[in-house]
Structure formats: structure tokens, C-alpha cells
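What follows is a pair of complexes built around subunit A, which joins subunit B in one and subunit C in the other.
And then the complex of A and B:
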């Protein structure tokens, strides 16, 4: 049958192609916003599935649940844009929190000493990983894996396996405080928003940010263009260390505890959220706005499923995994981010 | 009489009768059994991680008793991650519940949402491990803390292990997660007993974080360094069974004595088969089902009345179960003088666990 004469008989793919040919800019704009549509679809679905989902309290929960990851994700976006990886963030966060709590409880140090010491330790951890990767050409996968063990081991040594539940007022304020009284706005969300905003401004409006994109897109080309790629790598991993340390302090304030083990979900959830938003693992593509959308999708999915009690508890992770995979496919295929293999 | 009045009347009658019963919970439970369908209660429960066999058994027991008492449970799995459990607890506070019972993954991490729940008048029951440091727990408004005595359990097992060692030789300790208060207490129990015998040498003491693969690695390593090792005590059964497999692979099952804690079904069977020398029952069924009962009572009587009714601390642990069976022909006519009447306790324990009673 001649489909050109019968519009009803043409396939969906053909129709989209036709539409793309006639309205290329509009279609590109719509598909490039695929992660946003995914997020909207989730909000609509969970809003219909659970009466508790679209309440003010739960929306605030989503923001709070996202906040620690958002601080981690700011640094991780820098790292992934460079085409590198940092596996040590959860462990660095753990050791930062433990240093702060140990100084406060055992040495009686008052703020800002515990906070500054925690952040300094995290910056040092990032710097060391960056230095060894840049100086000796060791893949960041390996240097940060080693740093994960170093930081985790230091946490265990400092804690002697004990949870410390006495934390500084500053940590508590950053993690659990509210602006404007007991029903005010959570400080942790402000910290997260500030972190993302500063990250965005640096990446978007500074020479350093442009160098990160250049280096991530093609390190040899960036080097030929005069960019000191080793210094970029060193600075990016140091920044990631700093955000990990800040996330550790904020997370400690949220959990009211410095834990003797790294929180396992922090690492993979952070990488998952950043990539889900559209930042490429290969580097050179993505940014903080994408990370924000990725974080929102990731946390909304988890929070939404938690708000539907009829889902079998033993099936929850299975469902989460599948929904995540579908969201990833939508985000990458419809946003045109996949480089298809033209040979097949 | 409208519906609310009738319910209040029933509640008042119940309070009166329970008052006369002087601390007896049975009238409340009878009331719930009779009225389970009238107004099902809604409860939220959370454990550190359902991937653990102990936690999964507790969840089954809780649901079984909840069904009996007309309680609909929504479970929030902590996934062995303090941040995940905290996020789920924040979500949990979106709704109102008749009661909430929780086994926290780490001390201190759930304080804020629990303060919100208590402020809203929701009874909160702490299961197995501390929500907050003990001195803060009562001030937090937690109704009751139902937990085992981890020191007692490990001491019971280690006593049998050192007895089988002949109170001399080399022993290794495989610890649980260092930050886990239960693991710390079990380690303390181990040292309390072993420290009494100067001829026993502790040649290795490392945490395996409840991880069976890590426990196997540690066992291989210690056997390599100390081929004359006589015993291993692991902080839980899963790690003890893992160590037993390594010992068997090395052909040393007759030489190395192994004990664990928790008395989960595979471990009880291992004790029955002589693979483990002893285990002690940390009753997931009792801890979780008692939490459901306490919560039901509080939801029925009201939180303040329940505080007067239910003690703040409820001990819930079980006996040690040994592989050897006491035997003495001279006591054939007086079997009550033999441990367990000269019989194995394993089948009885397995039967009780199948019924979620122990």
C-alpha cells in the first residue's frame, strides 16, 4: 500500500520524521527537553498514584532528600565533564564528618575549627588523587579507588568503630536547621542550591569552566590549544574533594551522627543522578542544569515509590531499576545524545 | 449512639478492664482480635535492611501478628544504608500512623523524623538497636525498646566453645560491623569469657562487617597463619557458617570448633548436624511481633495509657543451642538433671520459628 497517500497507514516513526523535516527546530527543542518531560511524567504519575505525593511536606522532603546528593553532584559534574571519575566521594565525606565530630567531642575544639579541618581534609584528599593522576598518568579510577580505602580506613581508625552522635551546632544548622523558625525553609536546601549555582556559574561563565569542557571533549586538542590539562585535572579533583567534604558535614548534620562507615549509596546515587540528567561519562557534554534535572528524577522516583505502600517491598528495587533504565533510554535517545553505530 | 461514641465507649470499657487486670495486656489483644475488621490499624515498620535473613524473618513475623490483630503494615526497607533509611523515614512522616516500629541502621540517624512522629502523638517502638544514645531515648518519647542482650548471647556461645577447646589453645574472633552496637556487645561478651582463661590465645580479631565473603577470607588467612587454630567465634551465624565451609575445605572440621549467634534456621540445622558447636537465639520473631503487640496496645489504649502499661525496656532473647547432647547413664532416672533433659533443642527451635513464635 502506498502510505504517502494514506496518512493513517504511516508508521509513528515516519510521522515523527515528517514532522522533524517540516518543524526541525521545534522538534529538536521538545526532544532535547526529554529529561524534563520524564520528570513531569513522574510527578503526574506519582501524584495520581499517591495522595501524599504532591503535598507541600513531601515536596519539601524531595528537596531535603536531594540536598546532600546535590552537593556531591556539583563536584561530580565537574569530574565527569572532564571524562574522569571520582570513586572516593562517599569515603571522603565520611572522614570529613568523622574529623569534625572527633575534634568536637574528643578535643573540645569549637567551631569553626572542626568545620575547617573537615573541609581541609577533604580538599587534601581530592588534591592527592588529582596530583597522582596528573603527575604519574594514573587513571583517576585507580587513584580515587585508593583514596576511597585511605579515607575509609582513616574513618575507621578515628572512630574505632563507634558512631559519634554529638555534632557541632554548625553541622546541625547546615543539615537540619531551618530559616525562619521551626516551620521555616530547610537550610540544607539552601546549601545545595548554593552549591549547584556556584558550580553552574563557574562552568558557564569562567575560563576555567570552558577549559573543563575543552579538556573533557578532547584532551589532546585542549593541550594543543594551550590548556594545562594536568592543572585542570588537579583542580577538578580538588573541587570534588571539597564538595564531598561539604556533603559529609551537611549529611552529618542531617543524620545527627558521624558514622564509622561510608554511606554506600552516596557514590552510585551521585554518579547515577548526574549521568541520568545527561552529563556524559565520556566528558565534554552536560552541566549543572542537567545534573539538577537528573537529581530530581532520581529522588522523585525513589520518593514516589516509597509513597505507594501497595508495591511489594521486595520488588521495589527491581521496579526502581527498570524505571531508571526506561528514563535513561528516554533521556538519551530522545534528547539525541546517543551516537548510533552507523555500521549496523 | 454514633460510630465515634461507640468506639470511645469500647475504649473506655477497655481501659477500665485493663486497669482491673493490673498490667495485663490480654484484654487489649482480645479486643483487637474481636474488632480487627472494624477499624484496621495502620502501622509503619522499618528495619535496617530486608536483605538480611534475620530482618526478613522479623518482617514475616510482624506481618503474621499484624494480620491477627487487624493491623495493616507498610514496610520501609532501610537497605542497610543510613541515608536511605533516613530518606524513607522522612517520607513516612507524610502520613499519620497508628504506630511506628523501627530497627535503626545506625544510632542517631532517625532522631528528627521520630521527634516529629512523637510530637504528632504517634507511638514509636524501638526494635533491636538504639535509635538514640540510651540516655536520650526516653526523652525522645519512644514508647518502648525491645532488644536482646547481645552480651548474654555471645557469652553463652563462647562458654561452650572454650569448654570444647579444653580451656586452652588458639581462638579467632570474626566481628560484625564495627559501628553496630550489637556487634560491639557480642565482641564484649567474647572477651568477657575468653579473658578468664589464660591458656587461650586470641590470634586474630577483625571485623568482617557481617559480610560472609569477608568472613571466609579472614578464616583462610588465619588458618594459613595458625594451622593449629582450635576455635572461631563469629558475631553472627552467616559468618560462622561461612567460616565453617572454609574450615571444611581445609579438612580441619574435626580440629576447629566454630560458634555463632542468632540461631537462624540454617545455623540451627548446622548445630544439629555438628557443623557449628553452638549458637544463641536472637529472636527476630519475638522482637518484631512484640513490637506489633506493643504498638497495637498503644494505638488502642492511647499513648499515655500505654506508657503506664508497657515497660520502657523489654528484653527479648533466647537460649543457646548446643550440638552436644547431655548424657549420663547414672542420671537415667533423673533426666531433669541433664541439660535439656538429655535431648536436642534444635527441632523444637526450628518448629517454633516456623510458627513465628520464637
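And then the complex of A and C:
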């Protein structure tokens, strides 16, 4: 069908697709970077609207606010690329922090025992979800929902509802430490960057990473090529458990305390940021660079609105929601990702 | 029998873009008649039946129903008038009860708008008794065998008020006993003065059940015969036509003492039983069967993607463990290209990535680099002559024939011992077909074993050295491909 002769008959998405077909390289490069343009537009807007936004101090703030989410998002990117979901990350992070804090305060265990125990618990949680999903073909939506309750319940049991404010030096360092004196570079940003970088290298350059993309794009195709898709699922959920645990420990260091409840917004913020960047919920498309951009947009939006004093504080979530929706539309339409409806 | 037709098609034509699916076809159906429709794949049976059932309504010509010209807007419209269609795939819901399935979408309601379960049950019992069936309407349908589920599907159409039933290959997935059950139902419906259009590949079945038989070929109606006029021979010659059946034969010597590369013994699963065969070095074996015969699932079972219950598979003397994985099969010299290119290729990914997919383990130590992958993929992409040959193109942009070449090329990089391919040439034009067949011949000449699984007799006859015919889960014939023709194959299924 030649849509160029009848522009009215085609949707905006199709026209952009046609455009990228006729001017392949240049246009496609510009449109596929739509999330980056969105981010730039936000920076320009907030920079003009608020005198405090484009200060070194605030930019560092953005990075620090982003860091815990970035660790979560690394694992979540793996899971979403596979076309699966992990609903337990916030709860797993909570239990990891609580295990570390409990071991430190009640049993007097010295590092690295609290840290290792916290991470081991998180890895185990991911492994259990993955095992039951792979072995019994239970959707990850359900196994990780169960794990959310298990991990959350464990946190409640350990904490008895009390906040623990004594945490290990290692957690403190990871979450709030600075390299090079009191005004040095925040360690938490280094942790987040390392997590994203390692995730990127694994996804982009290893056989395992390729198997994840293959399985996410088409499970039958991966199986026909001899990929053990069950093992991939198990490994990916285990990795996501690990990053959730790490995020839990780092988040505890940032807040200087282990909380008796998971922070539920972590889960939705993570999924939101990853998908906003361009990683498909259906699997097979996206990656860590996309996740990084998604995180930046997400946090910039929140931080930027905080920096405009004229905005009613009670309207902030309302506005955030609308801007998010607009950003999503822009990212989907301009990246040519609107899907042709093929169902009968 | 009353000879006035209750349904008539006059000069019906239908095209899809460049393909003329039906040309000036006439057809009529009488009350209390079973009228069978036969022809090769692509002869126009499905198109005609979809017109009858109201699925297609942009045809040319006249459709007369109940004495008046009609043009149904959709299948629902047709069903309102009493024309019901039974699809090849079951559309009953196994997890619901028999009664619920019979009244799917038209449950009786109480005056409060709730489902009237009592009435539904009673109505279902009454209807079944009236039709002469003894089923527990409160049991879940999945507790009954497949044949009964198929029967319930037919009964549902009747309970919905259908007087004309269109049945599309209703027996293709059934066991012989279940076929008997279904044919008995057809007989009973005929006694009740209902009319049935019966489409089937199984000519014996057709000769047994039909009052009249209409033969289609290339979108044209060839003849309508009464049961008395028809015989296996006349049907086959009319279906195939008098055209010279030219099938290029591979002039290939078969040695009886060749080394066996693949040996299958007593392989049994739900859809096939006691399969024994072998493939020797430098041999192409064709496995032919009608759709639903179980041959495609057999191919998957060999490759470790369809669980089988008993039997053994051995490649080059090495017996596979039970429940072997596809990885194990690949590592031990089997390869498999499925009948669905869509399923085996990643359409958005570059050609070279699709080629290296199964072999990443052997490329690079831990990290396959793009250069290494290209070095391996490019020669085979050129060897099978993918057009355009740029390995960076996404596979989805290629034509069907070229996609198939990619699906085959991936197994040339690290050659297997036995290559299994299902429907290697489906939906291709003649040129692409020949290219793909030549690639398979090359495999054979290089000393590999090849298994070609197909429901297209032309493909099997064009390429195979030996032919196995499968019907309803069993191998029913084994022949050397000498002087075989379609005729011979069609008699056997």
C-alpha cells in the first residue's frame, strides 16, 4: 500500500514509519532517540523555569535520587526483556535490608556477614520465583506476587514493626558515603553506575545476553535454536533478586535505617522508568541505555517539579501523571513503535 | 429425497489480489443431503465454504438461500438463518460442562438476568436425548475424548438452530473409532433432514458418507457426481486433472547397505504410535500425511520439542536419552526447520544473527563478536543465495522463500548429520521452490540424511528417495520413490 499518495489515510505513526523507510539512516536515528529528545526538552524547560534546577548541587541530587532506582532497574530490565515481570523487588529489597540490620544489631555480626546474608536472601528469593515459574509454568506475575508476600511477611516478622536505625558501616558507606571528603563524589552513584554498566555488558556482549533477547523476542524461535528457555528464566529472576537485594542495602544506607515495610513506590517507579525508556513489556526490545534514559526522564520530572516553587505542592502527583502520559505517547509514536493492529 | 435445493450458488467468483480463488462456480445443496467438497490444497474449497458461512461477502455472483438471494454480512448473520460452520480446529471450551458448551453465548436467563442453570441443564438433556446422544451434560467436556468433543461442537451448531452444517475436515484429528462416531452422527443428521456440506481430504470417508460429491480444481468446479457415479479412481483423476504430472526426480542411486544415520524405533506419543523408520547416509526420506496425521509433531518429537511416551531415537548409533532437549539434539547431529518460519526466525533481527542463533556456543569463547558472527554467517548466506544478500538486513524484510533459505542456511554453518525440515517449500513460487529443493539435494549429496515432512504430495515426490506415508498417527506405507505419483499417495491417507 502506498501511503505517500494518500497521506490522509495513514496515521501519524504510519507516516513517521514511512518517513523512516524513505530516509533510513538520518530520520530513524532521530526518531529512535525520541526519549533522549524528551529528556533534553525537560532539561531546557526546567532550566528556564527554575533557577535552582541547573545547579551542580541539584544535578548531583538528581543522580543520587536516581541511584537506588537504577540498581532496581538493572535487574528489571533483564526481566522485562524476557517478557516477564517481577513484582517482588520492593519487598525483597525490604527484607534484605532488614536481615542485614537485624544481624548487625541483634546478633552483633560484623561485616561482611550482614551484607552477604542480605544479598544471599535476595538471590534465594529470585531463585525461588524463577524455579517455580520455570518448573511448573506458573506465570512470573503470580510467583513474584507470592514472593512479594513472603518477603514482606519476613520483614514484618524480623522487625516486629520497628524501624532499625543502627546499620553497618558498609551499608552506610554504600548509601551515603562520599569519595574524597565530605564534598566528594557520592558512592551511591558509583554503585548505580557499576550496576548499570555490568548489566549493559552482560546483555550486550555475552551469549547469555543474546539468549535473553532471543527468548524475549520469540520463545519458540529460541527453543528451536536449542536455548534452554527455562534456565534463562531462572537465571534472569535470580539476577533481578540480586539487584533488588543490593538496592535494598544501598537504600538502607541512604535512609540510615531499615524500615519495617517495603517502599511500595519502588516497584512501580522501577517498571515505569524502564518502560518509559523504551524497553518493551512484551520482551525482546530495549536495553540498559534505554533504561538509563528512562530513569533520567522519570527522576528529572519529579525533581524538576519540586524545584518550581509556584507549583502547588498538592498538585505535584497530578501533573507528574499527565506529563508521564505525554512522554509515553511521544516516545511510542516518534520511535515508530506504534504497532499495526493485526488481530482479526 | 426432495430435489429442490435449499441453498444454491450461481456463478460465484472471488479473487484475492492476483489470485483467482474461485471462477464461476455453481453449487447446490438439497434438504437431507450430505454434499462433499473435494479438491487439492488451494483448489478453492476453503474460499467457497467461507462464502457459504458468511465469512467472505465481497464475492461476485448469486447466493440463494431458502429461495431468496442473500448476502450474509457475517457468520452470525448466516447462523441466524440456520447455516452453521464447524471449523477444523475445535472451538468448544474443554473446561466448561457439556451443557455450557451447547449454550455458549446463548445461555437461557432468568428474569433477573442471571444464567438459568436449571433450564440450561434440562434443555441440554432434552436436546441430546432428541438427537440420540447419551452424555452427562454436567460433566466437563475435557473428561470426554476428542471425538466426543467434536460431536458436541456439531451438536452446538444444531442446538443453535442450524439446519445447514458446513464441516471442514472434521475428522482430521480423530482416531478411527472416533471417526466412526462422527460419521454415525452425520448419518443421523441426514435422517433428520438436515443438510451437510462435508469437506475432507479422506476420499474413502467421502465415498462412504456423501450423497453427492463436488470436485474443485484451481478455483473451478470440475464436476458434481452422485455417490453411485463416483469411485476412488474417478475422484482422484478429477481432483488432479489430466495435466501431465511432471515431477523432477532426483536420479539417485539408493544403496541398501548405507550406514544408518537416524534410527527411530517404536516412537509413541498421544498423536502418533509405534513409529519405526530409519534414514541412511546420503538419503532423502519424505514423510507425507494429511494435516492432522501427526507427522509434524513426530518431527518435533525427534528434535526434543514434543514429549513422547516411549520408543527410541538414535543418531549415528548414539541412542538419545528420554526427554532429550533440543540442545542435546543439536549437539548430537540433528537439526530441524519447522513448518512455521514465523516461529523459527526473529523477524526484527539481522539475517546473520538468525543464522548464528543455534551456534553461539561455538563462536568466540564467551563473547561472540559481530565480526566473528559475520565471518561464519556470510558464506552460508551466499551459498543458499539469499536475495538481497546483505547479512545486516532484518529477516522480516525478506520474501518468504528467502526467509526459508535463512532458516535452512543456519544449519549449514556447523553441519548436522540429519536434517529434518517440515514444509520446506510451502507458499513459495516455483523458482524459490526449486532453489530450496536444490539446497536439500546438496545436503544429501554431501552425505547427510534428510527428512522432509510435508502435506504437499508434490514436494515429497519431487525430492524424496523414499516415501513414508502417515495417516492418523501411523506409518501406513513405505515406498521407494519410483513411478510414484500423487494418485498413489492420496489413496493411502
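General observations
The definition used in the following text is that the second predicted complex is superposed on the first by the 317 of 344 C-alpha atoms of A that agree within 3 Å, B and C clash if a C-alpha of one lies under 4 Å from a C-alpha of the other, contacts with A are read in each partner's own complex, and residues count from 1 in each chain.
Following the convention adopted for this analysis, contacts are C-beta pairs under 8 Å (C-beta built on N, C-alpha and C of every residue); 3 or more make two chains touch, one makes a residue touch a chain.
It should be emphasised that the depicted structure is a prediction, and the values quoted were computed from it without experimental measurement.
Look at subunit A after the overlay: subunit B and subunit C fit there side by side. Of the two partner chains placed by the overlay, neither subunit B nor subunit C lies in contact with A:120. By the touch criterion defined above, A:210 reaches subunit C but does not reach subunit B.
When the shared chain is aligned, subunit C comes close enough to touch A:226, but subunit B does not.
Once the two complexes are laid over each other on the shared chain, residue contacts for A:59 go to neither subunit B nor subunit C.
Contacts of A:218 after superposition: subunit C is touched, whereas subunit B is not reached.
Once chain A of one complex is fitted onto chain A of the other, the partner contacts of A:146 are absent, as it touches neither subunit B nor subunit C. Taking the Cα centre of subunit A as vertex, the centres of subunit B and subunit C in the superposed model span 130°, given to the nearest 10.
Applying the stated contact rule after C-alpha superposition, one finds that A:265 touches subunit B and leaves subunit C untouched. In the overlay built on the shared chain, the residue A:159 is in contact with subunit B alone; subunit C does not reach it. In the superposed model, more residues of subunit A are touched by B than by the other of subunit B and subunit C. Put simply, subunit B and subunit C get as close as 25 Å, counting only Cα atoms, in the superposed view. Overlaid on A, the two complexes show subunit B and subunit C touching no common residue of subunit A.
Looking at the complex, you find that subunit A touches subunit C at residues 205-207, 210-211, 214, 217-218, 220-228, 284-285.
Partner subunit B is touched in their complex by these residues of subunit A: 52, 55, 57-58, 61, 64-65, 68, 156, 159-163, 165, 176, 251, 254-257, 259-261, 263-266, 302-303, 306-307, 309, 313-314, 316-317.
If you check the complex, the residues on subunit B that touch subunit A are 50, 59, 74-77, 79-84, 86-88, 90-95, 106-109, 111-112, 132-133, 177-179, 184, 207, 209.
Residues 303, 305, 325-327, 329-331, 336, 338, 340, 343-346, 348-349, 357-358, 360-361, 366-368, 410 of subunit C are the ones that touch subunit A when the two sit in their complex.
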